[in-house]
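Okay, so chain A shows up in both of these, paired with chain B first and chain C after.
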Partner chain A sequence: MLAITAIAVVRFRRLFTVVMLFGIYSLLSAMIFVVLDAVDVAFTEAAVGAGISTVLMLATLVTTGRHEKPPRHHPLLPLAVVTVTGAGLIWGTLDMPGFGNPADPVHHHVADRYVIESPREIGIPNMVTSVLASYRGYDTMGEVIVVFTALMGVLSLIGIRRQRKQSTPPPENSATRRPYPVLQVMAILLIPFIILFALYVQFHGDYGPGGGFQAGVIFAAAIILYTLNFGLDDAMLLAPPKVVLRLSALGVLIYAGTGVVSMLNGGNYLDYNALSHDPLQGQHFGILVIELGVGITVAAVMIAIFFAFAGKTEKQ
Partner chain B sequence: MNAFSLFNYWIVIILMMAGFYTVIASGNLVKKIVGLNIFQTSVFIMYISMGKVIGGTAPIVTVNSELYSNPLPHVLILTAIVVAVATTALGLSLVIRIKEAYHSIEEDDILAISQREDEAE
Partner chain C sequence: MISHHLPALQVVVPLMAAPLCFLLGRYRRLGWILSTLVSWLCLWIAVRLAFQVADGGQIQYAFGGWAPPWGIEYRVDQLNVLVLLIVSGIASVMFPYSWSSVQNEVDPEQQPLFFTCMLLCLAGLLGITITGDAFNLFVLLEISSLSTYTLISLGRDRRALTASFQYLIMGTIGATFILIGVGILYMLTGTLNMADLSDRIGEIGESRALQAGFGFLIVGIGLKLAMFPLHLWLPNAYAFAPSIVSAFIAATATKVAVYVMVRYLFTIFGHEFSFSAMYIHWLLIPVGLIAVLFTSIVAVFQRDIKRMLAYSSVAQIGYMLVGIGLVSTTGLTATLLHLFNHALMKGALFLSMGAVCYRLGNTLIDNMDGIGRQMPWTMGAFVAGGLSLIGVPLTVGFISKWYLILAALEKGWWPIAVIVVLGSLIAVIYVWRVVEAAYLHQRPDQSVTVVEAPASLLVPTWILVLANYYFGIDASFTTGFTSSAATTLFGAP
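Let's look at the complex of A and B:
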C-alpha cells in the first residue's frame, strides 16, 4: 500500500495532489512503525511527516504555483538507471539476515547492553529515551544543533516578515478578518488540549513513548493551527518572533549547559551520574533537563520556520 | 528462512527507487524534494524493520515481557526524522528564493534563463 502511494506521488503532475498524497504516505509509514514496535518513531513521523512537512510544502506551493510542466526529456533513461540500481540492491539483499530473527547481528554488539543494562543503569523504563538522552547524549546534542542550524539557514534565505506597524492597521473588514468562524471555534477548543498533550509527552517520555522531539513538534503544531485560523499577525502577538528565536537558542544552551554542569561536578561532559549523589537520580534529572532543552529548541525552530514560510506566502 | 523473510528489504528498495526516479526524472524542484523525502522514509523503514524482533514488544520495560525490539535503530531514526524536516524546510526555502530570482521552479527553464544571462555578459 505504501508502495502504491509512493508511485502515485511520482505519477501525478498536479503538485497539490502530490503534497496531499505525501501526507498520506507519511501517515501510512507511521502506522508501519507502530506495527514494527517503534512507537516513539511512529509518534514523531505522524507529527512531523504528516503534519509539519505537509504544511510547509503547501506554503511553498502557494508561492511557486501548483502545476508541474510535462518533462521535456523522455523518462526512459532515468527509468533504466533506476531499474538497474534497484536490481543491484535486491541482489545485495540476498545476503542479508531474514526479518525479525533475534540472532541477527544488528541485535547484538551494543544493543544487548542497552536492553539488559539500561533499566538498572539509567532507571527509566523507556529504553529509547535512555539511549537517546544518556548513552548517545552527544549524538542528540549534535542533532539539536543541526536543527538549530537549519533554522539559521532558512532565516538567512527568506527571513521572518516584520510585524505590521500599529500605525497602519490592517483593514478592519470583519468579513475578511474572520472568514471561518466554525474552524476558529474548533481551533480554540482544540489548542489547549494539544498543548496539554505536548506537555504530557514532554514530561512522560521517561515512562511511555515520547520525549523532547515529539513534544516540541506537537507544541509547534498547536501554534501553527492557531496561525492558520487567525492569521499571522495575531499569531505573532501570541508568540513574538524575537522570543521564539531566543527560545530556540536557549534550548541548545540548556542542553550544552547540562554537560558543563556535570563537568563542574566532577564527571565527564554529559555524565549525569555526577549531577546528584545518587547516580540513578542524577540520570533521571539529567534526562529530564536535556529533554526540556530539546523540546524548547524543536518547538521554537518549527514555529520560526513556519512563520518564515507564512510571511513569504502572505506577501505574494 | 523463507521467501518472505527478505520482503521488508524489497519494499524498501521499491520505495527508494520511486524516490530516486522522482529526483532524477522530474524537472520540478518541489517534486524533487518530495522524491528526496520518499527516499529518506525508505531508509527509515529499513532501519526500523531491521530493529524488529519477531515476538518482541516495544522497547519499554514492562513486567510481563522479556523480549524487546532493538531500541538503537529507533533512536537513530527518531532524531533523523526531525533533522529531515529541518533540511526539508531549508530546501523549500531555497526553492522559494529560486522562484523569486528566476520566476520559475522548473529545472529546464532555470537552465535556459541562466544560459541566456551568461551569453548576455
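Let's look at the complex of A and C:
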C-alpha cells in the first residue's frame, strides 16, 4: 500500500489530492513502525507526518494554487539515476544480516547495554527515552536546534505578519470568518483534552511512548485547531507571535543550559548524574528538564511556522 | 577545569549564542558584537586544542559522561584540529567584516536572523569537524546545511531564492544518502562511534551491504563537497548569496566536506578497504582532473566575478580529490595543505569582491573597468589573492601545488602533474581578465565614481591576504601539521 500511495503521489497533478495522499502515506508508515515495535517513532510520524505537515502543506496550497505545472524536461535522466540508486540499495540489502535475527550485530554491541543497563543507570522504564535523552542526549539537542534553524529559514523567507492594529475596524467579511458554529463548538470541546493529552505525553515520556517532540507537536495542534476555527487574529491574541518566537529560543537555551549546569557541577556536558547527589535522581531531573526544553521549542516553532503561512494566506 | 571541557565548548558556545542572538532581536548591533566575540572565542579554543594535540596525541570528550560507543564522543586529533583552526580562524576574520557588508546587502529586519544563522552555521561546521560519532555528524550537518540555505536565500537578488532552493534539493539528497550510508553501517556493526566503526568494519570482510553503504556515503559527501558532476548547485549559490556568506561558505563549508570525505575514507573504512578493495581512487582522480580542466575553462567565460570564483572553487576541490586519489602520504599532505590554503585564498578573494560589491552594488566584470585606480587597496587585495590562487612562489597556493606535483611525480604519473600546471595557467587567464578590466581599462565617463571601501572591510581582507603570504613563506607550521596528520592516517590500520 505504501508503494501504491507513493506512485499515486507522483502521478497526480492535483496538489490537493497529493497532500491528502501524503497524509495517508505517513499514517501507513506509522502503522509499519508500530508493527516493527517502534512505538515512539510511530507516534512522531503520526503527529508530525500525518498531522502538522499536512496542515502546513494545505496552507501552502492556498497561497500557491492547486495544480502542478506540467514538467518541462524529459524524466529520463532522473529516472535512470533513481533506478541505479534503487538497484544499489537492493543489491546491498541482499547481503544484509537477516531481518529480526537476534544474533545480528545491531542487536548486540551497544544495544545490549541500552537494554540491560539502562533501568539501573537511568532508572526509567522507557528505553527509547533513555537513549534519546541521556545516552545520546547531545544528538537530541542537535535535533532541537535543527527545528529551531528551520524556523529561522521560514522567518527569513516569509516572516510573521504583524498583528492587526486594534484601531482598524473589524473586517466586513466577519460572516465568512466565523462560518461554522458546529466546528467551533467541537473545537472548544476538543482543545482542553488535546492540551491535557499533550501534557500527559510530555511528562509521561519516561514510562510510555512519548516525550517532548510529540508533546510539542500535539500542543501546537491545539493552537492550530483554534486558529483554523477562530481566525488568525484571535489566535495571535492567545499566543502572541513575539512570545512564541522567544519561547522557541528559550527551549533551546533550557536544553543547552542543562548541559552547562552539569558542566559547572563537575560533570561532562549533559551529564545528568552531576545534577544531583543521587545519580538516578539527577538522571530523572535532567531528562525532565530537557524534555521540557524540547517540548517548548517544538511547540513554539510549529505554531510560529503555522502563523507565518497563515499570515501569508490572509494577506492575499 | 575549563581546559577539560574545551572540545565541548568549541561547539556549544556558538550553538548557545545563536538563540541568544535571536532573543536580542532588534538590537542588531549587539547581536553582531556577540557573534564576533563568539567567533574569537572559538578561535582561541581551537588554538588551545591545537597546542594540546601538537605532539600527535588525541583528546576525547564523552558527552553525558557515557563512555563511547554508548554515548557520543568528541575526538580531537591533528587532522581535525587543522580544520577547526581554518573554520574558526576564517570566522573570526569574517564576522567583524560582516557588519558593514550586511548593512548594505540585507534587509534590516532580517539582520538578527542573519547573525543567528551565521552562528548556527559556524557551530554546525565546527561540530561536523570535531565529532567522533557518525550520526552526530549527520545532525550537525543538518544544522549547518539548513542555516546555509537560509543565509543564501537572504541575498538581495531574487535569483538567490532559486539558488537556495536548488541547493536545498541537492543538499537534502546528499544528506539522505549519507543517512542511508550511516544506517547501513549501523546495521552491519551495531555502533555509530567512528573509532569503533573502524575496528568492526575491519572484521566484516567481504560484504555487499558494506560496499553499498560505502557508495551511498561517497555520493552523499560528494554532493556536499561539489565533486565534479555533482557541483551544479554551487555556482548559483555562491553568486547570489550575500557577499559575506559566499566568502564564509566558500572558505569553510566545502573544506569541511572534504575533511568528512578524508575521515570516512581513511579513519572509518580504512585506506585498505577504500583503495585496495573499492578502488575509489579510480573515481577520484579522473573526476578531480576533469574538474580542474573543465570548470577552470568555464570560469574564464563568467561575467560575474563571484560566479567565476565559484567555478574556480570547484576546480580547486578537484586538486584536493586528486591528492586523495594518489594514495600516498605526500598526496594526502597536499590535499590537507590545499584545504587550509584554499580557505585563505578564496576567503581573501571573496572578501575583496564583497568590498567591490559594497561600492558598486554588484560584481559584474563590465562594471569594474578602471576601478583599480579608485579602489587601490581592494583591487590590490584581489591581485594578491589571485597570485596565490595561481600558485606563484611565496604564496600558499604555490606550496600546496608543489606538494601535489611532487606526489604525482613520486608515483611516476607525470600527466597529472601536467594537468595541475595547466590548471594554474588557466587560473592566470581568469585572474588576468579582472586585472585587465580594473587596471588597464579606462573608467567610462558616465559611470559613477567609486571611492575606496571602508576600513572595516579592508582590514579583514588584508589580514587574509597577508596570511596567504605568511604561510607561503614560512610553511613549517602547515606542512608539519598536515604531513604528520597524513602519516597518522596511513599508519593507523
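Criterion: the second predicted complex is superposed on the first by the 301 of 316 C-alpha atoms of A that agree within 3 Å, B and C clash if a C-alpha of one lies under 4 Å from a C-alpha of the other, contacts with A are read in each partner's own complex, and residues count from 1 in each chain.
Keep in mind that, in the parts below, a contact is a pair of C-beta atoms (placed from the backbone, for glycine too) under 8 Å apart; a residue touches a chain by one contact, two chains touch by 3 or more.
Computed from a predicted structure; not experimentally measured.
S.K.: Quick one: classify A:146 as touching chain B (first), chain C (second), both or neither.
M.R.: Both partners, chain B and chain C.
S.K.: By residue count, which of the two partners contacts chain A more extensively, chain B or chain C?
M.R.: On the superposition, B touches more of the residues of chain A.
S.K.: Between chain B (first) and chain C (second), which does A:128 come into contact with in this model arrangement: first, second, both, or neither?
M.R.: Touch status of A:128: first partner only.
S.K.: Does chain B (first) or chain C (second) touch A:305, or do both, or does neither?
M.R.: A:305 contacts chain B only, not chain C.
S.K.: Answer with first, second, both or neither: which of chain B and chain C does A:93 touch in the superposed model?
M.R.: Once the two structures are laid over each other on A, A:93 reaches both partners.
S.K.: Please work out whether A:136 is in contact with chain B alone, chain C alone, both, or neither, and reply first, second, both or neither.
M.R.: both
S.K.: Under the stated touch criterion, which partner chain does A:181 make contact with: chain B (first), chain C (second), both, or neither?
M.R.: After superposing on A, A:181 lies clear of both chain B and chain C.
S.K.: Is A:157 contacted by the first partner chain B, the second partner chain C, both or neither?
M.R.: In the superposition, A:157 touches chain B and chain C alike.
S.K.: Overlap the chain B and chain C contact sets on chain A and report the shared residues.
M.R.: 89, 93-94, 96, 104, 106-107, 110-111, 114, 136, 139, 143, 146, 150, 153, 157.
S.K.: What residues on chain A touch chain B, complex-wise?
M.R.: Chain A reaches chain B through residues 2-3, 6-7, 9-10, 15, 18-19, 22, 25-26, 29, 32-33, 36-41, 44-45, 48-49, 52-53, 56-57, 59-61, 63-65, 68-69, 71-73, 75, 78-79, 81-83, 85-86, 89-90, 93-94, 96, 98-102, 104, 106-107, 110-111, 114-115, 119, 125-128, 131-132, 136, 139-140, 143, 146-147, 150-151, 153-154, 157-158, 207-209, 211, 213, 217, 298, 301-302, 305, 308-309, 312.
S.K.: Within the complex, which stretch of chain C touches chain A?
M.R.: Contact set of chain C toward chain A: 1, 5, 8, 12, 15-16, 18-20, 22-23, 61-66, 69-72, 109-110, 113-114, 116-117, 120, 123, 127, 133, 135-136, 139-140, 142-143, 146-147, 149-150, 153-154, 161, 180, 184, 186-192, 200, 207-209, 211-213, 215-216.
S.K.: Spell out the part of chain B that touches chain A in their complex, as residue ranges.
M.R.: So the residues of chain B touching chain A come out as 1-2, 4-11, 13-22, 24-31, 33-35, 37-38, 41, 44-45, 48-62, 67-75, 77-79, 81-90, 92-97, 99, 105-106, 108-109.
S.K.: Across the complex, what residues on chain A touch chain C?
M.R.: 88-89, 91-97, 104-111, 113-114, 134-139, 142-143, 145-146, 148-150, 152-153, 155-157, 159, 245-246, 248-250, 252-253, 256-257, 259-260, 263, 266-274
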